[in-house]
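For reference, chains read A, B and C in written order, and residue numbers begin at 1 within each chain.
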Amino acid sequence: MEQVEKNVNNVENVPVIELRHVDKHFGELHVLKDINLSVKKGEVVVVIGPSGSGKSTLCRTINRLETIDSGEILIDGTKMPEEGRKLAGLRSQIGMVFQSFNLFAHKTILDNVTIAPMDVLHKSKKEAREEAMELLKRVGVDNQAAKVPAQLSGGQQQRVAIARALAMHPKAILFDEPTSALDPEMIGEVLDVMTGLAKDGMTMVIVTHEMNFARRVADRVIFMDDGSIIEEAAPEEFFEHPKTRRAQDFLNSVKAH
Amino acid sequence: MGIQELLSQYGDKYLQALFVTWKLTAVSFVLAFLIGILITIMRVCPVKPLRWVGDFYVQIFRNIPGATLLIMLVYALPYLNVVLSYYTCVLTATSLIPAAFCSEYLMAGMNTVSIGQIEAARALGMSFGKILKNVVIPQALRSSVLPMTNLLVATMLTTALASQVPMNPTDLTGLVSHINTRAVGGVTAFLISAVLYCATAVVIGQIGNLIDRKVRILR
Amino acid sequence: MNNGQTSIRDALYEAPGPRARRWIAAGTAAVLLLLAALIYGVIHQFAINGQLDARYWSFFARYTTWRFIGNGLAGTLTAALTAGVITFFAGLLLMLGRISGIRPLEWLCTALIEFSRGVPTLLFIYFFFLVVPQFGIKLQPIWKIAMPVAISAAGVVAEVLRSGVNAVPKGQTEAAVSLGMQKGSVFFKIVFPQALRYVVPALISEVVIVLKDTTFAYVVNYADLMQNAKVLISNYDALLSVYLVVAIIYILINYILNKLSVAVARRGETAKPVRSR
């Protein structure tokens, strides 16, 4: 036990996710400009900014769903490989929750959660199922386990997607606008689950438009605009005293709604 | 000729012909399915020239009339010193054409899988092969049950091409032409074959619906 | 972002890394080489069998050859058009019968539709070629090919039209009825025109089937493209080259029709039709 503690302490200084001088173009468009970011273990980083600012792309580069043109991305100090088994292996250590849930349409809720642990981590069916049921209980959809995704509400599907990510015991979870496709009355249930994760010490990178949630849960807020990180601050500081004009304008426009 | 006279004289020939049609249909369909899968793999493969070949195959064989293809196989190929038996010619025509449609349906089936699901699988650490095995192929197959059922019926209809070459025993269509050119078979001779075809098609359709209802993916 | 074109083909693979890029480059080179070898092999096979000799191809430079092919094509198109018109109206009647609400008529039409869809065109052709004359009825060749082709396509067209009618929102009928329109005029003025718009792509695809089925015209001695090809073949003693050209003509026409169907479907945002022949 002590040995394990010590190990954790040793790697404490190594960020779970680190981006160094990351640049990316979509054709003519320069979508990420010299991005530097590091996320410590247990930290919750919320990325906000106007649409088209590159925040979603940033999130997707971290597990190489988007390639980058230059710079490097490190997971737990290991450089993200470009392809093959190593890439798949590193990806399995980083969870991801999408805007449109992306549950596997032909699988039951339970199978959605067990498939990757069984097929990627080679866990036994029994073990995977037991753990999946626990996770489904944790996100409050254990009574839906035998259904298929289309039978669930958006909020329930997104909670299943979170359980699916958790089943891999990830070092961190990326949330790419997890509540943007949800009806307003379902946003709360998903944010509650995420708040719970944050409290339990999960390392999280969250792209969102939910400002109150950001303020409540974030350890650090990143404000992006036009492909660059404009501001990086603790939530109190950012929301009360934004330094740049662009951040002030953005916060005003968000408040106006 | 009444139905009783016709059946007593040609009954076992009809039975034989029915089996010829069934066998041709089954063998052609299996071949078409295998070729269709191969063509589809080529069409989605990252090597561009293989995609061209796959696309080219589909455009040729979904657009060529069956009669034209069969006639070329039977009469034109020997001029290139390739001589195939009549049976092989028929089987080639009745599997190459459905294979093109098979590939189209498989492509359509794969297109029902959202890109998001593939990304989700990727993010979970699944390799390309695992994504195919767990996400893409099962969904593509399940959503192409009805098209494949239609394809099986269409393949059966295409096997009537066998009546255009000398074959012994002949198929259901060939038999009608055989009976009518020898005796006056009348409407009955035609109707027996037609009903046998039709009954087969209806049964295939019912089974297809049954399977589809079981495996259909809710969206 | 993901319309039909940027389809699964591109989503299936992620952006390749350096090793994958090398593999793809090597694969591309290998396949190109193989293709070149294949094409060479085919041409070589033509050459050693004398099929590249000028006498097999030179007559394609003559105007009369193309006029002859043109006549054959006109025959094919006439037969296809005749069959197409019959198919449409027969399909319409079958569809109307099937949704008429009169039980026996519905059963009859459903049975006829299944019969039309489940029996090969060739069998219908033999019916018109061999059976009909036994009743002393003498038909001209065009009818001997157009009628069976039409009968064999009518069932599918009936089902296509029915799916179009089902796709028209119920509110359209309700609105028309609430305006005091008669049942018949609601259907033909409001519902059917909209239904037709939905199914135009599927109907174009059906034209391809009809056109392909007319190639059986040789059975009934109707002068279509395939029949005229036979004349060319005996005139010039050139079978392979003539059939090759004829096949290419058929493929091109059907290719264009299919492209048209897809283009119309995309414009109207209706589903792509599915037919397997």
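Here is the rule we use: a residue touches a chain if its C-beta (ideal position, glycine included) is under 8 Å from a C-beta of that chain, and two chains touch if they have at least 3 such contacts.
Computed from a predicted model, the values in this text were never measured in an experiment.
Comparing the centres of all chains, each the average of its CA atoms, the largest separation from chain C belongs to A.
If you compare B-C with A-C, the chain pair joined by more contacting C-beta pairs is B-C. Each chain gets one centre point, the mean of its Cα atoms, and the points for chain A and chain B are 47 Å apart. Separating the CA-averaged centres of chain B and chain C is a span of 16 Å. Here the CA centre of chain A is 50 Å from the CA centre of chain C. Among the residues of chain C, those touching two or more other chains are numbered 14, 16, 20. The residues of chain B that reach two or more other chains are 113-114, 122, listed in rising order. Contacts with at least two other chains are made by residues 65 of chain A.
Residues of chain C that touch chain A in their complex: 14-20. Looking at the complex, you find that chain B touches chain A at residues 113-114, 116-117, 119-127, 130, 134-135, 138-139, 142, 217-219. Residues of chain A touching chain C in their complex: 64-65, 67, 81-84, 87.
Residues of chain A touching chain B in their complex: 63, 65, 85, 88-96, 98, 100-106, 115-116, 119-120, 148-151, 161, 164-165, 168.
Those residues of chain C whose C-beta lies close enough to touch chain B in the complex are 2, 4, 7-9, 11-14, 16, 20, 24, 27-28, 31-32, 35, 45-46, 48-49, 51, 114-115, 117-123, 126-127, 130-131, 134, 208, 211-213, 215-216, 218, 226, 239-240, 243-244, 246-247, 250-252, 254-255, 258, 272, 274-277.
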